[in-house]
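After the structure tokens below, expect a handful of questions from me.
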Amino acid sequence: MRANELTADNIHLWRGERHLLQGLGFALNSGECLQVTGANGVGKTTLLRALCGLVPLEEGRICWRGQDILEDLENYYSELSYLGHDNGLKGDLTAAENLLYAARLRRRISPDEVLAALARVGAPEVAPHRLRRLSAGQRRRVALARMSLMGGALWIMDEPGSNLDARGQAVVIELLQAHLEAGGAAVVATHQELGLPATRLRPLVLQ
Amino acid sequence: MLQFLQMGGYAVFVWPSYALTAVVVGLNIYWARRSLRDAQAQTRRRLASVRSNP
Amino acid sequence: MSEQRIGFAAAAAALMARDLRLALRRSGDTLQPLGFFLVVTTLFPLALDPELSRLRDIAPAALWVGALLSSLLALDRLFREDAQDGALEQLALCGWPFAGLLLAKTAVHWLLTGLPLVLIAPLAATALGAPYAAMPGILASLFLGTLALSLIGAVGAGLTMSLNRNGSLLALLVLPLAAPVLIFGARATALAIAGEPLAAPLYLLAALSVLGATLAPWALAAAVRIGLE
Amino acid sequence: MAWVWFHRFGSPPHFYRLATALTPWFGWAAALLCTAGLIGGLVLAPADYQQGDGFRIIYVHAPSAWLSLMVYVVMASSAAVGLVWRMNVAHAIAASCASIGASFTAVALVTGMLWGRRMWGTYWEWDPRLTSELLLLFLYLGYIGLRNAIDDTGRADRASAVLAIVGVVNVPIIHYSVTWWNSLHQAPSVMKFGKPTMVPSMLVPLLVMLGGFTALFFALLLIRARGEVLRRERNARWPVDVPGLTAHEA
């Protein structure tokens, strides 16, 4: 039995007066992707941010490889890559600079690795341009390129396909499948059809 | 009694100080009870709504 | 993945390099607090009279109130933009001690707003009648003072970064905490202008900076984490 | 876990019942002590040979000033407990302290000015204690301002807790730097805000008033904290069996 990578049990969370997550729990193994779906405002983003430790839980625990993430947050984060609604990139820097600096927070990286990552997401031409001048879809692809550069055993992605055309959506699936085959785990909030085999896909519908 | 009220000529400083303190203490007591009552009413409403649709 | 792990220092250096490059790209913004400082200090003579000997008495007040307000102005932008575009989130999640990274970010902020202010202060001080001999003392006191202000102010900036209408809340939070810096700083500058030894207030100012450097990181990380919720 | 007992102590129902039981005790203690203190201070205590009857302002000024500082320390320490052990009851206590502390800081400031007015002839004197009191009031206003600016209770608790902790570390520093600053500009003559020499018959009422104000603070705190605890119990069922809270109550 593969060791449980990410487990959550009895999570309770409120947003203002609304009791968003009521005792939610799941277990995710390496090579598997938890697809979170549900109506708008049901708490998908809140759950993903809670899994990142960005939102403190009122009740319940989240464990990474058996250890509560709060016990050693930095160790958990060194294995985590997060893509939120915002791309987390700077408008005044070029795409290449953004990726260079983002990856350099974790490891040494050469400019051609950056270009390779941009090519992987199908946007090599954006490298020298300032992010502010790119379209929303191009910016999202640069954010996806950052995800692939940052690595990490656990990917948490919130609507990765937003602003992306069909070709872009396909890139999301390719990156995700490559990550899962490499033994990574993923939590993705999206209504997009991920086309993953049943063995790798764990659906979670929030009410 | 009058001599007491005059406070040796300092009445104009002493009594306002005591008056202000009394007012602030009174307000504090009123606001504290009021905030508790509001919270209790809010809880009552919450419990009522929970009981009607658990 | 070729995991050439890097140390925390390299990550902090990368972050500082990014912030510096960003600031140079928008040098207009970074020079704004400097302009504000010069304007504020030139207001005082207009409000008083041009007599240099009279100005010398209020020079410390003008310099330090100007320094305090201009660093307050710059502080509001310290985290706000990164919080809005998600960059701060990425920083929190990159796996390095968040307090350390935020301290590096504050250091860059000081390099861009505090240090230029210190370097330009002699100009304003001379305009306010400070003798040439007082310049080293003024530089030293403002150097330590702006450092302490940046550290204390950064905590305030972290607490108010995700509030949309904070307006003067940042000032209300920071100014009482900055009062000791203002007191010792202005005193040191006054002694420098008067040509008297200013070791005592300088030591106290240095102590405040050290206290800021030790207390601020924890408070900064906690404040920003709460702001990111 | 080892600290389960600590959590039990911080458990809202337990605290709510404890607070309900203790409030009348503190309330009556405050009433008795203040009445005794007032009689002692206003009637029995002799006039001060130097400041005449004017010194009697001290019987409200000193307790308020003491309260303004003590309440901030209570606020900061319960905020710290709330932040470290993530205990809602501690945050509820910190939230309740703010307005009480701020109001008594204002009282201390005004009564201090009135007392000063009688001795210095001006309403405001940059006396170190008055100035420290003023800056303490700004710290309270900053705390209250930050708390109101954040609508989510949990986040407001945690953010204001950080501010309170940073603030409490700075209170002694502010006081020291203001005193240091004041001593520079004034010739070290007799302290303007001179403490009248206190014979026992003057001192005892003051200590009684201090006790009375402290008891008053705890009574007010417990009342407010019960409300704040209820506001933070969004999901719990325990209020159902608390008398006076059940819906069918008239």
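First chain written, first letter: the chains are A, B, C and D, and each begins at residue 1.
Note that a contact is a pair of C-beta atoms (placed from the backbone, for glycine too) under 8 Å apart; a residue touches a chain by one contact, two chains touch by 3 or more.
Only a predicted model underlies this, so the values are computations on that prediction, with no experimental measurement involved.
Q: If you average the Cα atoms of each chain, whose average lands nearest the overall Cα average?
A: Central by C-alpha mean position: chain C.
Q: Averaged over CA atoms, how far is the centre of subunit A from the centre of subunit C? Could you give it in whole Å?
A: 36
Q: Cα centroid separation between subunit A and subunit B, in whole Å?
A: Each chain's C-alpha centroid was found; their separation is 52 Å.
Q: In whole angstrom, how far does the Cα centroid of subunit C sit from the Cα centroid of subunit D?
A: Averaging C-alpha atoms per chain gives centres 33 Å apart.
Q: How many Å are there between the centre of subunit B and the centre of subunit D, using C-alpha atoms for each centre?
A: Here subunit B and subunit D have centroids separated by 15 Å.
Q: Spell out, as numbers or ranges, the residues of subunit A touching 2 or more other chains.
A: In subunit A, 56 touch at least two other chains.
Q: Touching at least two other chains at once: which residues of subunit B meet that condition?
A: Counting only residues that touch two or more other chains, subunit B contributes none.
Q: Identify all positions of subunit C at which a residue touches two or more other chains, and write them in rising order.
A: In subunit C, 229 touch at least two other chains.
Q: Got a list of which chains touch which?
A: A-C, A-D, B-D, C-D
Q: Spell out the residues on subunit C that touch subunit D in their complex, using ranges where they run on.
A: Going by the criterion above, the answer is residues 155, 159-160, 163, 165-166, 169, 172-173, 175-177, 179-180, 183-184, 187, 204, 208, 211, 215, 219, 222-223, 226-227, 229.
Q: For subunit D, which residues are in contact with subunit A within the complex?
A: 86, 151-152, 154, 158, 234-235
Q: Which subunit A residues qualify as touching subunit D in the complex?
A: 12, 14-17, 19, 56, 58
Q: Subunit A touches which residues of subunit C in the complex?
A: 1-6, 10-11, 14-15, 17-18, 21-22, 25-26, 84-87, 89-97, 225, 228-229
Q: Okay, in this complex, where on subunit B does subunit D touch?
A: Per the touch definition, subunit B meets subunit D at residues 4, 7-10, 13-14, 16-18, 20-21, 24-25, 27-29, 31-33, 35-40, 42-44, 46-48, 50-51.
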